[in-house]
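You will see chain A twice below: alongside chain B first, and alongside chain C after that.
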Partner chain A sequence: MKLLLINNDGGGFADYIDVPSGTTVAQLFKQKMGDAVARDYLIRVNRQPCPPNQCLQDGDRISITPTKIEGARS
Partner chain B sequence: MYLRDYGDTEVGGFGITSEDELLLVQDLQLVEQTCSLAHVAFDDEAVANFFDDQVDAGLRPEQFGRIWIHTHPGDCPLPSPTDEATFERVFGRSDWAVMFILARTGRTYARLKFNVGPKAEFEIPVKRDYTQTFAGCDPERWEDEYLDHVHPQHKSRLIQSESGLVTDFDGEADWLFAENELKGGLI
Partner chain C sequence: MKHPQKQLWRTASRIYHCLVSQDYATQLKLPFEDWWHCDRLIRKRQQAQRRGWNLAALKLERELKTSLAQLIQQLTTLHGELSSDSPQQQISSVGEIYAELLAIEEEFGELQLDLRAQSISVITERIELEGVYLGPFEICLDYGNQNTDGTLHYRVIARDPNPAITNDSVTHPHVQSEVVCEGEGQTVIRRSLEQGRLFDFFTMVASLLRTYNSESPYVALSDWDSVECTECADVVTASEQTRCGNCEITLCSECAKDCADCDSPFCHECLSHCDSCHGGCCTSCLKQCVQCNADCCQRCLLENERCSDCDAEETEETEEELPETHASAANPVTATAVQPDCLGETVVSA
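Right, the complex of A and B next:
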């Protein structure tokens, strides 16, 4: 099945990918993000937060974006 | 600078760049954020919406997700430990990223970091590129206006200094808009 994946790691990615049917959000994260820590990211499917065990569907849009972006004065 | 000066707090956003020149910031996009005099934190969902919206607009992540911009309320643009931690945790897995800080006094700090290959990071100069076009830009009309109204008599002229000495003055030197490309320079 085909998904749209958006993430900013590596070279950055916003394109369609093919994954096997039944792939879960957690499996896709592991496959694409390697040893990245999931809690450092907001993972959404079709713009909605999702549980790790959610099965992805053909045509889904997955975004993996950074969290806790903060700055402070010296 | 308008966004920096509108409120009393820090403020931050993402630089959106040219398609071909990824260090040429053409726009700054704010996201929902909570701020204080000395702190700014982006809303996680707003960041996700920003990424979705930019992709829908046809931009690549490297055009909108690599240049992190925020202000400091005082005169020091140097990154704080919080800034460094965010830069490493959030932007440390992309091929490259820039942290740009603008202090209220106009001093700037910019650092380009490469996270692939022979990893390296450099402080980089900051300057405004006056060659870029923008809304309302009409160089042909400006040129006509200039040629119609301005009639140079000399390429160089003499300037009388306060001490009474006469010195040569190079009329072509870009003395007024001299670029300051040093760390902490003013923009």
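Right, the complex of A and C next:
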């Protein structure tokens, strides 16, 4: 199935990806973010909060946004 | 307060039209500005190392690391965009922007819409970083205005400001004059704005406000309630600061010098010196010797308003005159001969 993944950790570009049917949010996070800790990210499916074991559906929009972003001085 | 659907749709529609009217010719470009910034930092660091300014070199090195990380991130993003199968620019549709507005309203509790001013804003919770209260912040997106790089303009306004003592315009370690310096979030925040992903934009700016980067703040939180000595630039806590009694500049205890007479603190420029003892003394306390016009402190100016040097000279002269006076008394003829004209004469009326 095809999903729209928006990874705001780093580049922040949106991309369509293919994942096996029945993939959960936690599995996709592990696949895309490696050893990153899920609690450091705001994960939304179709702009809604989601549990880790939620199965993703074809056409879902998943956004992964870090909760800690370091600013700077100009 | 929940907004009526119609108002949200109208806002979404306006934002969409602002986004599609942006100049996307600027989207694919190499990050030259960041490159030259890193280049400048490298040269400055080399210069500091050559001159033996080790602290400055270390500070520049830290800044260089941050800037290089940003440069790498921008290049990675550019590479990612070119490698992606997706279209170059994915601007959200009106429907998607509408859904974004609903999600923002749900996340932040309140969304302020101003169709006339073409702005939408949310207010964060009260933010406190490392024990320093900074208050709630309003993140205001002026979608009717564009920055020079084509992105939508936004401001971060402190709603209960507790600015740094040294700089009133710094309301947060990473916010100055309502402009947030995005640091590592620069690319993703701008990308979210370009694509109309407003929920991501507001949550990321809020995340940035909740995070403190001690490596590169406008004012460090450790110095938030501190002031900078105007003379030596050392940072002292507000309770330890002193002000010059004349020009009122801020001074540290090392740079503030007390007047020997009134004990008030003064800066280097405003503190004069006694010509007699060379001790520090303010201009109000200095008085001139009536004989030589030297500026003297109260201790050096005697009761006869003469400095100790003039007083000593006068004493010497008096002592020299004394033997002559004794001699005149012993020899009146000689004494008469040396008397000046008119001495002892009195005007007698006719």
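In the analysis below, the second predicted complex is superposed on the first by the 63 of 74 C-alpha atoms of A that agree within 3 Å, B and C clash if a C-alpha of one lies under 4 Å from a C-alpha of the other, contacts with A are read in each partner's own complex, and residues count from 1 in each chain.
Basically, a residue touches a chain if its C-beta (ideal position, glycine included) is under 8 Å from a C-beta of that chain, and two chains touch if they have at least 3 such contacts.
Everything numeric in this text was worked out from a predicted model, so none of it was measured.
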Which holds for A:36: it touches chain B only (first), chain C only (second), both, or neither? first
A:52 contacts which: chain B (first), chain C (second), both, neither? neither
Looking at the overlay, what does A:16 touch: chain B (first), chain C (second), both, or neither? second
Could you list which residues of chain A make contact with chain B in one structure and with chain C in the other? 6, 8-14, 42, 44, 47, 63, 65-74
Name, in rising order, each residue of chain B that touches chain A in their complex. 10, 12, 37-42, 44-45, 47-49, 51-52, 55, 60-62, 65-66, 68, 70, 72-74, 76, 78-83, 86, 89-91, 93-95, 101, 116
Over in the complex, which chain A residues touch chain B? Could you list them? 6-14, 36, 40, 42, 44, 47, 49, 61, 63, 65-74
Please name which positions on chain A make contact with chain C in the complex. 6, 8-16, 42, 44, 47-48, 63, 65-74
Across the complex, what residues on chain C touch chain A? 66, 73, 76-77, 80-81, 84-86, 90, 99-100, 102-103, 173-176, 179-185, 187-189, 191-192, 195, 197, 199-200, 203-204, 207-213, 215-218
